[in-house]
Amino acid sequence: MTRIAYLGPPGTFTEQAARQWSEGLAGAGAETIDAPTVPAAIAALREGRVDVAVVPFENSVEGSVPATLQALLDGGVDGVRIGAEVHVQVQFSLLTRPGTSLEDLRERATLATHPHAAAQTRNWVDRSLPRAKVVPESSTARAAQAVSEGLYDAAIAAPGAAQAYGLVPVAEHIADRPGAVTRFVVLRVGAPVPAPTGSDCTTLVTWIWANRPGALLALLDQFAVRGIDLSRLESRPTGEGLGEYCFWIDANAHLDEPRMQEALVGLRRTCRDVRFLGSYPRADGRLVLVPAHARDQTYVEAREWVQRLTT
Amino acid sequence: MTRIAYLGPPGTFTEQAARQWSEGLAGAGAETIDAPTVPAAIAALREGRVDVAVVPFENSVEGSVPATLQALLDGGVDGVRIGAEVHVQVQFSLLTRPGTSLEDLRERATLATHPHAAAQTRNWVDRSLPRAKVVPESSTARAAQAVSEGLYDAAIAAPGAAQAYGLVPVAEHIADRPGAVTRFVVLRVGAPVPAPTGSDCTTLVTWIWANRPGALLALLDQFAVRGIDLSRLESRPTGEGLGEYCFWIDANAHLDEPRMQEALVGLRRTCRDVRFLGSYPRADGRLVLVPAHARDQTYVEAREWVQRLTT
Amino acid sequence: MTRIAYLGPPGTFTEQAARQWSEGLAGAGAETIDAPTVPAAIAALREGRVDVAVVPFENSVEGSVPATLQALLDGGVDGVRIGAEVHVQVQFSLLTRPGTSLEDLRERATLATHPHAAAQTRNWVDRSLPRAKVVPESSTARAAQAVSEGLYDAAIAAPGAAQAYGLVPVAEHIADRPGAVTRFVVLRVGAPVPAPTGSDCTTLVTWIWANRPGALLALLDQFAVRGIDLSRLESRPTGEGLGEYCFWIDANAHLDEPRMQEALVGLRRTCRDVRFLGSYPRADGRLVLVPAHARDQTYVEAREWVQRLTT
Amino acid sequence: MTRIAYLGPPGTFTEQAARQWSEGLAGAGAETIDAPTVPAAIAALREGRVDVAVVPFENSVEGSVPATLQALLDGGVDGVRIGAEVHVQVQFSLLTRPGTSLEDLRERATLATHPHAAAQTRNWVDRSLPRAKVVPESSTARAAQAVSEGLYDAAIAAPGAAQAYGLVPVAEHIADRPGAVTRFVVLRVGAPVPAPTGSDCTTLVTWIWANRPGALLALLDQFAVRGIDLSRLESRPTGEGLGEYCFWIDANAHLDEPRMQEALVGLRRTCRDVRFLGSYPRADGRLVLVPAHARDQTYVEAREWVQRLTT
């Protein structure tokens, strides 16, 4: 039985991601446990109360999830690693207590939701319920729960929250931009890096020397010179002052590849700091094309040649 | 009389930024008007109801303010431009109604604040009021107002919110990380670009061709080859899918400099899209050092030489 | 009547190049005049005694012709420009006075030729006339002339030298590596730059700041960032000490293209010195592919956009 | 007794270089043997008739010595390596048979010399002996020998050639540009690479993929990304057609340094071919500054870090 902590409460997209991931597990099945915060989920992992933790990482509309990024950095060097990723299509429904219709909300209504969900449904709300007041809650599931408790008239939440809290959808697919995707990561502590699959991703965080012009160019060059494409580059403030950033990087390569190891050596040599957060299979299964000059076998042969020169 | 819309309600750091900026105005003084949202402040600007709008842009701990970035992009090509920036030191106080002491909050209390402020004071709250429940509100000032209305026991807010809502501070300087700074921008519509000062910043947004490896390197190179340093580079999702980003750039140069104009030509030629959001004096007044090869006079002489070759 | 000075004496490959080029002239035809040295040919040009000078520039086996490169640099800033190029297939014959056969040379023979020609026929001579002594002369034509004067037994020379000096070929196509090509340039003084043809070359010489690491990378980047390919890059000592070079560059672009003008501005700004030696049609007529971002029209539109921003 | 082959005949600058180098040898002293050509010197080395061969490599005025470059390439992959370099100040004298004065040469004279020496003394000859005829010979020493045989009136040669051939100097220091230096290399076969000294040079030849734009930039980047400066970069035609080059590189690093080994791996991976011709102490003894990120210890620590990640 695999024990999975996820960012709750029940009914969030994260629970959906946790279920989606656990369907791929063989054997004794999984038990999901909701955690109130990302740090709480990670704490459960560290303390051995669960085997994995599933947390949201980034959204195709809102960008990354700061709480998760921060919690991963707080993990320290012996910390948590990403062992898998899960993509979930984001759908929003407007949920009410049974008996309340969309029409009932026209004149005056309080709609609870998470601020990200509010941002992603703003146009729909302005158009459909222009007199409604949108109230922020800590999660869309908490918003749904609060509606079930009678605190608000309706919640903008994941479809799955209806069942979890005894609500009914009075409008579905209300996101302004259809096709939004949220990416979740599955965290472990002390587990081996999953074997390469040919469709892998490596997540890193790097701190460059801010006072050196061209430092970011040099950082990107560490990947380019070894034929590694990046699928994600995100700057985040380090908290040390305006203009001080670290960079979150997803590279299309695996730790076991020589090109990735050489790039890591290059980052370690030239950056203020670098953190390795895991190599794991891509959720989309897209094959990573490796240029001929950067393949494992090319490295092996080139190193043998240099070895012969030195002896 | 300069009319200034700012992201309200009164008592926010944005009001403080608006006052700070208006102190630099000569003449008839300024009138500040609070707007409920960033888009509302910008709408007031577009419709001529105010002369400038002051909105938060980025924070040294939390990063950029998505609502502002989005609103600036929604402005379209003939839209709003940044004419100035203001830096405000961020200080948080714990505010209560007169008569409530810190001791009164120990056992059980509701603390309202904006989620960003909650994040920046989490350690202090965990340590000082471990049993308190933190409730999200839409702004720190709204949180203070709600406390004055009796909805919560205390607010984590800007010091200025105490006076605005008749509250008193029971703890001050409670941010976990001292020295946080928020950067605000002063927006105008249809105003000329301020003249160069030798300490200027140009804000741009660029969309690169995501499917071209090396596109970001090429983007950065457009600046490097013309001796322009960047003080800020931030990736933001475009909303078109995971891995699709635009890049917000602050360059240490002014639109009137030939090196900046040539870089803009280069970006326009090579990027999917590029938006110019303004050149304006840096708030820190730090002199921008221009390499000899990139100075205005060097450009003038080099172009005259090429001109002579062609005739 | 176009007067053409060429590097003589008659019978050299340069005469062949001069004739090849003059065949393309309309009208009154051409008169060819042999000059003893490259500087002498250029002097005739400067003093108005001829209209053009044809001199060898580089050979696909031996590399560039130092005397020509030096003479072009000595021209100074108001000097000579390349207006056309000519490619000539290099063929060597072994020429003797009538009555002398190849067999007669087996036991003991003196073979006169230019050192470059000696280098290109060394294997053939070692195999066919292993006992012959090769003697250096100042040109292959001078070698042929010396044979006609009875000074040597045979000359390794251009096929055309046979007729010029009354000799006969006893062996033909004796170059060790078939397919060698020599490139000649047609020089003018004070003539306008030929109009772009879509298949053009621009010849430049640049001096970089030797004590700056990365200076050559930066030089190449001035072309790369504007989508200009180089077809030739040659380092030459400046004569100021070991490790001091200038770089001869052939760029696949024309002075009238905005991308080339911008690159020239960039070189002028960043290099110790730069010399423009001409834009002219490529001898091979190969169409130059210009990336979309570097086309003339792209530049025009990008500059109009920047112009609108500044007003 | 170390046996040294050098490019003769006696009296050349190469003999001077061979003596200069052998002065540094301890023990039984050296025996110098003149070879008629660079390939002959190398053949003596391969066949074990000598221990080292000393040949000219490049001159600060004339550039590289094509015969040496070609001979080194012809050596094949198991071939000759450079084990040391020697710098010799180049001085030219005008040498005559005893009894002939400079005045005697004014009216009519034949001056024999090597074409490179002719080029380096052209202005002096034009000014001092304008009516003299300069005749090319295969070396300056051969020119001196020919004067001693009565074939010419005078020779432009190294000062040391006077003693070797019984001539006297009638003019000294006649080079147009004082301070010229020629660099010689000391070749060995099958000897170990000399140990690093902190002031080392590595000589390489690389063939890039000519049809790939940016291939040279990528080549240079292999060094830049590892903090290696180049002291020499020379393009040479490969003989396969106009525009086909190989690049001779002198890098300021030693084969035993991890940064150099990693760069060699990078070149081997990305170039059409690469040849290692030796790591050896710099003749000028200038200390090579290694950036902190490229030092041996930095590599060791960075690799240990990656090693820990993978286990």
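Order of writing sets the chain letters: A, B, C and D. Residues in each chain are counted from 1.
Here, a contact is a pair of C-beta atoms (placed from the backbone, for glycine too) under 8 Å apart; a residue touches a chain by one contact, two chains touch by 3 or more.
Because the structure is predicted, anything quoted here is derived from the model rather than measured.
S.K.: What is the touch distance from chain B to chain D, in steps?
M.R.: 2
S.K.: Counting C-beta pairs in contact, does B-C beat C-D or the other way around?
M.R.: C-D
S.K.: Validating interface symmetry: for the copies chain A and chain B, is the fraction of residue numbers used by both over half? Same or different.
M.R.: same
S.K.: Taking the mean of the C-alpha atoms as each chain's centre, how many Å separate chain B from chain C?
M.R.: A distance of 59 Å separates the two centres.
S.K.: How many Å are there between the centre of chain C and the centre of chain D, using C-alpha atoms for each centre?
M.R.: 26
S.K.: Which positions in chain D are in touch with at least two other chains?
M.R.: 221
S.K.: Under the touch definition given earlier, write down the residues of chain B that touch chain A in their complex.
M.R.: Chain B reaches chain A through residues 58-63, 66-67, 70, 87, 115, 119, 136-138, 177, 179-181, 183, 213-214, 216-217, 220-221, 224, 229-237, 239-245.
S.K.: Applying the document's contact rule, which stretches of chain B touch chain C when the two form their complex?
M.R.: Going through chain B, the ones touching chain C are 193, 218, 221-222, 225, 255-256, 261-262, 264-266, 268-270, 276, 293-294, 298-299, 301-303, 305-306, 309-310.
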